Structures are given as C-alpha cells and as structure tokens.
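What follows is a set of structures to go through.
Shared between the two complexes below is chain A, which pairs with chain B and chain C, respectively.
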Partner chain A sequence: MLNEQQSDLLKEYVNVFTGKAASMLSEMANQKILLRVPEVEVLHMAQDGVDALKKISLFSEGHIVSSVMNFGHDFSGRALLIFPAEKAKNLVDACLGDGNGEDASAVSLEDTDFDVLKEISNVLLNSIIGEFANMLGVKLEFTLPDVELIFVSEFEQKMYLKNNNIYILMLYTVFTLAETKVDGVVVIALGMDSLNMLVAKLDEVLGEANG
Partner chain B sequence: MRQMDNLTLDIINKLSVGIILADCKERIVIWNHWMEKKTGKKSGEIKGMLLSEACPKFSEGKYKKIIQSVLKTRQGRFLSGAIHGNFLDFYMESQNGEKSLQNVQVEHVLDHGRSYVLIQISDVTCHYKRVDHMRTLMKNLELENEEIRQAELEARELAEKDALTGLPNRLSLMKLLEGKIKAHEAGDPCFAVAYLDIDNFKYINDTYGHIGGDDLLVLTAKRLSAAVRASDFVSRLAGDEFVLVFDNIRSKNEIFQVAARILAQFSEPFEIDGESFSVTCSFGISVFPLDGRDPTTLIDKADVALYRVKKDKKAGFQFYSKLECSH
Partner chain C sequence: MKILVADDSSFIRTVIVKKLGNEFPGAEIISCSNGKEAYEKIVSIKPDIVLTDLLMPEMTGEELLKRLKSEGHNVNTIVVSADVQSKTREEIKALGVVEFINKPITPDKLEIIINFIRGIENA
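Moving on, here comes the complex of A and B:
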C-alpha cells in the first residue's frame, strides 16, 4: 500500500509525534516514559480483510482493551489504541507506580484503571492525530476517547474493522516505563480521501527532499 | 460571552458534575451549583477570578500548560483522579482531610469567535474508595491464603520429620516405600531396606545421660547421611532405630558397597562433651520384592535380620534371605 520510502518517512513522522506524547505522559506519570513505533503499515480492509487482521497479533481471540476516538472535517476517521487486557493492566500499574507491572496472571481491570487508560489514550491519540492535522495543514475536531474492555471472538475479529472502503493505518507501538515494556497498536481507520491526502503529503515531502 | 438564557443556566446548575467555564485569559465565567456545594465558594465571589486562584492546582506548571494547549489546539484533555489526585483543595479540607479525587475533563468551547475552556469535574472519591477497599480486601485475602499455605506446608514438613535429627520419620518412610513399590510396578528397579541400631546404646545413654545420647543420635544421623548415595534415604523411627532405603539396586554388589561405607563411618570415634569413644552399629537388610511386597513386611524382615546380627556378634549386617535381586 505504501512504498518503502513513504513508509520510512511516515514512520519517522509518527515517531516524532509519539515522542511529544511520551514527554507529556512522562510529566503526567512523574516518570520517564518512552514511546517507540518500530513499524507502520497500511492495510486495505476490502483487499486484505481477514488475512490482514490475522497479521495483527494483538487481535488474537480474547479480551482486549480498546480506546476509540473519532476525528473529523477535512481529514476524518477513527483512531483506536489497542492493548491485550493484561498489557493494559501492566501499563496502568507502571504509570501509578503499583507493583512490578509484570504480573499478567489475573487481569482484573477496574474502573479506575480505565480512567488512567483513557488519559493515556487521550494524550497519545491527540498527539498523533493533532500532528497529522498540522502536517497536512487541516483543522480537526475530535472527541475524547471511550475506553472499553472487549471480548473478541473469532467472528468479531473478522467484523471489527471490516468495512469495504476503509484503509487502516497500523502503528505498532511500544511503551517503555522503568522495567516494564508494553506492546500496543494504534489503529487509524481512514477513508480513501483522507489516505490519499496523507500519501500526497508524504510524496510532496519526498519530492522536495529528492529534488 | 452572550447572556445565557435561564433554562441553560438552570440545566448547568442542576448537573451532577462540576462545571467551570473560563475565558481565554482564564477568568472564570461560569461556576455551577455543584462547584458551590463542593467548595463552599459562591458563584458570585468566584466569577471573574483567575482559574488558578479559584482552584490552586491549576496554577501548577503542567496544568497551566494543559489549559493553554486546549485553548490553542482545541484538543480536549482528560485527567484521571488516579494519576492527578485532588483538584479541589478546600473541598478536601471540609471532608476532614479524607482523600478526595476527581476526574477532570478539559475542553475547548467557541462562542462568537471567542475561545473558552470548559472544565468538567466529577467526584470519584467514593468510587475510588470502593476500588481501594476491594483491592485491599483482595490483597489481604491473597496474604491470608499464602499464610495458610505456608502453615500447611510447615505442618506437613513437621509431621514427616524427626525433631531431633531432622531426618524423615516413620510416616515419611512409609510414604516413600509405598511410592517405590508403585514405581517398581511401572518398571523401576528393586530396592533394599536396612533396619539399623546403635550397639550398646543403652550403656551410652546411661553413662552420658539423655543429652549425651541425643548428641550421639544426631552425629549418627549425619554419618549415615554421609555414607549413603544421593538417591538413598535415611530415616529415624524411634530411639536408636534408623531405617535406610537403598534405591535402584541392580546387583548385590551395590548393597555391599553402601553397607561397607556405613560400617566405615563408625570406624572413626565419636566425640561427645570433649570425650572420644568408639561406637558400632548393626543392621539387617530385606530386599524388595524378594522379602516382601509391602512396606511393613519389608521393615519387619529387615528387623528380623538385625536381630540375627545382634544375636551373633554385632557390628555388622545380614540379609534376611539369600540375595537374588531380580527386576
């Protein structure tokens, strides 16, 4: 979907965006939080469909925590931050300085944990989507994220993101807090026009750099 | 800001969350009834005041930055009570210093081209208290469970241990033998049981007293443990009676070798209360399955063989029957 150069450039941008989010999160949690996006990928649900979802190991059957934020106007879509439930618990515990953040044996997320996740998602998704808007020079409006714990069955896995003309921008994200490392994924669902806008911008920057 | 109609104002005042509206210079425009109730500060005295004066927490650098960022980027921010704690300081005081927590939502509002910051505050103190209570309860249950598990483990260990020598006791021996017999059925090699006692122990007890006798038993336990192979087993039944199990016996030579090492351990003198003296031991040996197919028979037969040694000359060992160890 993206060629190598576009993909590398997007990865570079996204890492700058998440770097800003990381410093905000660090301030919020009073500890050093590092955020890295080692891989980005664009999937087309109509073409890649179920096979694409299978590539997303985080969508394995079971409980996941999903934080959803809608954004709109010229550049519109839906951004999700997704963790497996036990990873989400690790992240919350590490943020609050509770325990060692490594106990994934019993996942019992409480409402207060969802509040913390809501704030983390808010900062991260705001930062990424907001910076996309700055990069594209468009104005955006977006909602505060809703956080939910979802049990994803195999059937739902297929249906969850499937929508014919939707493109999915996958940002595989790694949070590092003290000794805890948490893998998650930022999923940005974009319509064709919004994706074209993004690709055009990447090409423009690449053209300037090469020309 | 435009004049607000009565209905809108009434609705804002009846909301069960705190509402603060401040202009782009952070001067308070709306302070609803919930805020009045929780802080004791009337809307009339707060209006026009700086946000940082009305809620001192907003004077901290990071919160100032958040308010400014919301006004500039128009991106809403959510602040969780779990991370940020209490925003309403005077409310906390009025609650006898009880920990008070709020979730705060900061958003941008536009009216006739003018930017405002809308702050919604929901009190989550009771909720957090319940969650805290549940966490403490769960932690305590886990701790209690661990204590019970530990106590059971210790009790089990004590029940299977000889208090004086620290060796396994009769209960432990019987369990081991039962296990070995079952394992043999599954194909494990045969094993031998040695019933051992200290020669003339009564004399030592009478001469050196019970404490001297106990010291000798402890030293004997150590020497027996040193003589056997890692896979063998040494237990104390009572008094000066020890039962040893020689595991994985494939030839009679193996039994002879261990038996010789046991006797050799007794060739060195024992020292009790600074006094050195010689002690010997005798033991009888039964072999599974040749001499018996259950723990009691094997122990009894080994005891009979011991009796023969005692009757004979002591300081040695005998088999219950001629050894033909077969698998």
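Moving on, here comes the complex of A and C:
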C-alpha cells in the first residue's frame, strides 16, 4: 500500500507526533519517558484480519484497558490506546504522584482510576491525531474517549469502523516510565478516503522535497 | 471573585480547583462537568473568570463560547484543552477567549492560569 519513500516519510511524521505525545505523558507523570521507534504499517482488515492483530504481540491474553476516540469530517477514523490492565493502576498512580509501583489487579481499578485513564487517553490521542490534522490542513472533531476494561479477544471488534472495508494505520509504540514499564500501543484505523488523503499529502511533500 | 471551572474530568477539576483555592483563598470556586451546566452557572452566578475544556458531553466548550458570544455575555474565559489543532486554536481565539492552554496541566501552566487571573483581578 505504501512504497518505501512514503513509508519512510510517514514514519518520520509519526516519530514527531508520538514524541510530542510522550512529552505530554512525561509532564503528566513527572517522569522521563523512553520511547521506542514506532512501527508504521498499513493493513487491510478484510485481507489481513485477525492475523494483523497478532502483530500486537504485547497483549496475547488477559485483560487490557482500551480507550477509543472517533474523529471525523474530512479525515475520519478511530484512534485507540491500549495497555495491559495490570499496569493501568501504575500509570494512574504515576500521574497522581502516589502508589508503590507494584502491579495491581485489573479488578482493583476504580471509577476515579478510569477518570484519570480517560484524561490520559484524551491528551495522548488528541495530540497524535491533532498533529495529523495540522499536517493535512483540516479541522477534526473528536468524540469523548470511551475507556473500557476488556479481554484481548474482544479487541478486534473495537478496530472496526462502520464500513468494514477499512485499512488500519497501525502505530505501535512502547513507552517506558522511569520506575515502571508500561507498554502501550496506539492504533489508528482509517477509512479508504482518509488513507488516500494521507497518501496524497505524503506524495505532495515528497514531490516538493525531490524538486 | 467567582471562578467557574468546567471539565468533564473530575481529575482535572480537582487539580485546578485545589490549586486556585490555595492561590485565591477569598475566591468562590465553582466547578461543573459539561458545557450545558457551565452555561447555566454563567447565567445564574455570573463568574468573573471561566476555565473551560472543549471536548465535553452535553455541550462542548466551543458551543458554549459561541452561545455566550451570540447572547452578549462577556466573560473572561481561559480554554484548557487537549486539542492541539491550529485551526481549533484560531477558531477558539476568534471567539474572544483570553488564553488557550493545551493540556496536560502542569505546574508551569497552572502558573500561567494564575497570572492571568491575577491580571484580570487587578484590572
């Protein structure tokens, strides 16, 4: 779907966008965030299906916390932030400046924890998708984040948009807090029109660069 | 002085209200969780300063600002939002807000908010 140049440029943009999001997370948790170079891949759900999800090998079983925001108008899709449930409490504690750093049971998450997780997702996903909007020169509107505790097996359906003939722009990144390793994944699901818009922008930038 | 804080996140409301309460002990600080409640409180309580999020249920911050402007309510408003889009910032600024601050809320950003409130208080 993407040629080598397009993929390289998109990876560079994603590097910058996720770097800004990591900086925001660092401010929230008051800790240094180590960020792995993100992987960028365009997958077709109808063709790659569940196999595509296996690429997210961090989460093979158990509970995950899934936060979903839809965005729309000219550039539309769905952004997801997921991380293992047992680490969610650590992330909340880091942002609140308390906790003992030990993993917690998923069932110990309280309403106030979900409220903090919702705000973390709001900031991180808004940052990444908002920068895409700035790059494309469009204005987006977002839904409120929907944060849920789900089984890994339930995750696939979260990625589907109304039209199942979709491509998934998968951004995979691991962020590490200084004290506690928290593995997080950002996934962006785009419709065909939006992916075409993104590719056209990449071609425009590449054309200017290549003179 | 009356300060209204509108944000759907109780976490953010707690952080802001606590800080403003410490900095402005004589102020009456009211909070709410959506734009509709904020509108009702602005009309009834007439706060001197409003801090509002944009993405909220019931009525967004942008809808709130448009309604206030169309009805002629002049309130000193600071927007505190995770929305980093340039176009959003331009459109919101055009609605007459005094400052647009991007989340996350940090001690530095709280200081900016406090200084703005002090400036408004002393004006």
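Everything below uses one rule, namely that the second predicted complex is superposed on the first by the 171 of 211 C-alpha atoms of A that agree within 3 Å, B and C clash if a C-alpha of one lies under 4 Å from a C-alpha of the other, contacts with A are read in each partner's own complex, and residues count from 1 in each chain.
We adopt the following convention: a residue touches a chain if its C-beta (ideal position, glycine included) is under 8 Å from a C-beta of that chain, and two chains touch if they have at least 3 such contacts.
From a predicted model like this one, the values you see are computed outputs, not experimental measurements.
Enquirer: Evaluate whether chain B and chain C can sit on chain A together after superposition, giving fit or clash.
Expert: Pair status: clash.
Enquirer: Looking at the overlay, does A:E131 come into contact with chain B only (first), chain C only (second), both, or neither?
Expert: Touch status of A:E131: second partner only.
Enquirer: Under the stated touch criterion, which partner chain does A:H73 make contact with: chain B (first), chain C (second), both, or neither?
Expert: neither
Enquirer: Regarding the shared-chain residue A:E110, is it in contact with chain B (first), chain C (second), both, or neither?
Expert: Only chain B; A:E110 stays clear of chain C.
Enquirer: With the two structures laid over each other on chain A, which partner does A:K32 touch: chain B (first), chain C (second), both, or neither?
Expert: neither
Enquirer: Which chain A residues are contacted by chain C in one complex and by chain B in the other?
Expert: 27-28, 96, 112, 115-116, 118-119, 122-123, 126, 130, 142, 144
Enquirer: Note which residues of chain A are touching chain B in the complex, please.
Expert: Touching chain B: residues 27-29, 92, 95-96, 110-113, 115-116, 118-119, 122-123, 126, 130, 141-145 of chain A.
Enquirer: Going by the contact rule at the top, pick out the chain C residues touching chain A in the complex.
Expert: Residues of chain C touching chain A: 8-12, 55-57, 81-88, 91, 103-104, 106.
Enquirer: Contact residues on chain B for chain A in the complex?
Expert: 62, 73-84, 103, 105, 107, 124, 127-128, 131, 134-135
Enquirer: Using the touch definition up top, name the residues of chain A that touch chain C in the complex.
Expert: 20, 24-25, 27-28, 96, 112, 115-116, 118-119, 122-123, 126-127, 130-131, 133-134, 138-140, 142, 144
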